[in-house]
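So that you can tell them apart, the chains are marked A, B, C, D, E and F in the order they are listed, and the count of residues begins at 1 in each.
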Amino acid sequence: MSEPWLSTLKTDTAQAGWELAVKMSRMGVKVTQPSDEVRKRLRGIYENDADSLIASSQVIAINFQTIAAANGYWK
Amino acid sequence: MSEPWLSTLKTDTAQAGWELAVKMSRMGVKVTQPSDEVRKRLRGIYENDADSLIASSQVIAINFQTIAAANGYWK
Amino acid sequence: MSEPWLSTLKTDTAQAGWELAVKMSRMGVKVTQPSDEVRKRLRGIYENDADSLIASSQVIAINFQTIAAANGYWK
Amino acid sequence: MSEPWLSTLKTDTAQAGWELAVKMSRMGVKVTQPSDEVRKRLRGIYENDADSLIASSQVIAINFQTIAAANGYWK
Amino acid sequence: MSEPWLSTLKTDTAQAGWELAVKMSRMGVKVTQPSDEVRKRLRGIYENDADSLIASSQVIAINFQTIAAANGYWK
Amino acid sequence: MSEPWLSTLKTDTAQAGWELAVKMSRMGVKVTQPSDEVRKRLRGIYENDADSLIASSQVIAINFQTIAAANGYWK
């Protein structure tokens, strides 16, 4: 499978947790489409499609749920 | 990545938590499409599309789950 | 942002909780499309579209998860 | 809003909980489209559409999560 | 409603839990489309449609969340 | 049903948990479309479709929620 990239779910801040959620969402795409070239081409499409952007935001939201729980919500 | 914008998940009220959920949903779009101009153009499309609006409401609902849990449901 | 409308997640009954979930789902649409006129027009479309109705039911289900947890499932 | 129909999330069995999840999913449609006649007509469409059926199954699954948690998973 | 089929969420193994999640996902389709004949016909369509297959996998994932929690994750 | 493949939700690391989430997402497709040949053909389609890739990432995110919870978030 892909190169290891996920060493921990712990982050120092909520901001860093959210950025990890963004990364996880992108890695979920990359594991299915490993070609940087193809993903770059597709990016030109979906970044101009409102529904794709909303769907992307949803995947980030789901990953953020996991990370926030893992960090006790940074309380 | 983007400018830091998420300092905490804690909010004083349920209303403020819901507004943070709206912001998180929008930031999830912005991280994929950073151009204010493009997002403004797309907004003209999806704000007139029932399915896009329902999908947006769903992303807010998912983010609100996280924020509500982080705040112990403001009990 | 919008007028405050969410003072608490606590409700006396499961029924009232479910009705709050319906309201939250609608407010998630309204925050993106604030025009009553436009929403009314769109309503004429999605209330006659099976997939839109199923999607609406899903948003209610997600919001209800949050409210039910906030109320200890009204046990 | 609609006639009260949800008195409790407690059910005696997992089967009854699942049936309540089905009912909740349908009520989520009915609250947006109250006309029995329109829903009946739409039913003729979505019950012959694979994607609509899969989406319906998903809404039931989400509602069942809530009900199962409310019942301590009937342990 | 349908014949009872869900007696318990407890399973001996994670594998059996996953198989129950598959069954629940299919029963969520069957409750809306009870005809074996129609479902068989639709199956010929969605089993050759990538998006339908991904959506099916998602419903299984949601049902598995419930079953895994009900079994204390088989620890 | 399919050959047993899920012996445990426990993994040593977050990375291994994420890889299990990817596997679970694929098995959710395979259980509906068991033919390696058909899945290979469909793969050629969805790996070039931005929305399919985002949807795949979402299924992984949902499965990862379950696995992360099962492992106490690898704390």
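We take it that contacts are C-beta pairs under 8 Å (C-beta built on N, C-alpha and C of every residue); 3 or more make two chains touch, one makes a residue touch a chain.
Please read all numbers here as calculations on a predicted model, not as lab measurements.
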Distance from chain E to chain B - Cα centre to Cα centre, in angstrom: 31
Between chain C and chain A, distance of the C-alpha-averaged centres to the nearest whole Å: 27
Chain D and chain E, separation of their C-alpha mean positions in angstrom: 15
Junction residues of chain E - those touching two or more other chains: 46, 49, 51, 55-56, 58, 62, 65, 69
Contact graph of the chains (line, ring, star, complete, other): ring
Chain order around the ring, beginning at chain B and proceeding next to chain C: B, C, D, E, F, A
Chain A contact footprint on chain B (complex, rising order): 1, 4-10, 24-29, 31-33, 38, 42-43, 45-46, 49, 51-52, 55-56, 58-59, 62-63, 65-66, 69-70
Interfacial residue positions of chain A with respect to chain B in the complex: 13-15, 18-19, 22, 46-51, 53-58, 60-62, 64-65, 68-69, 73-75
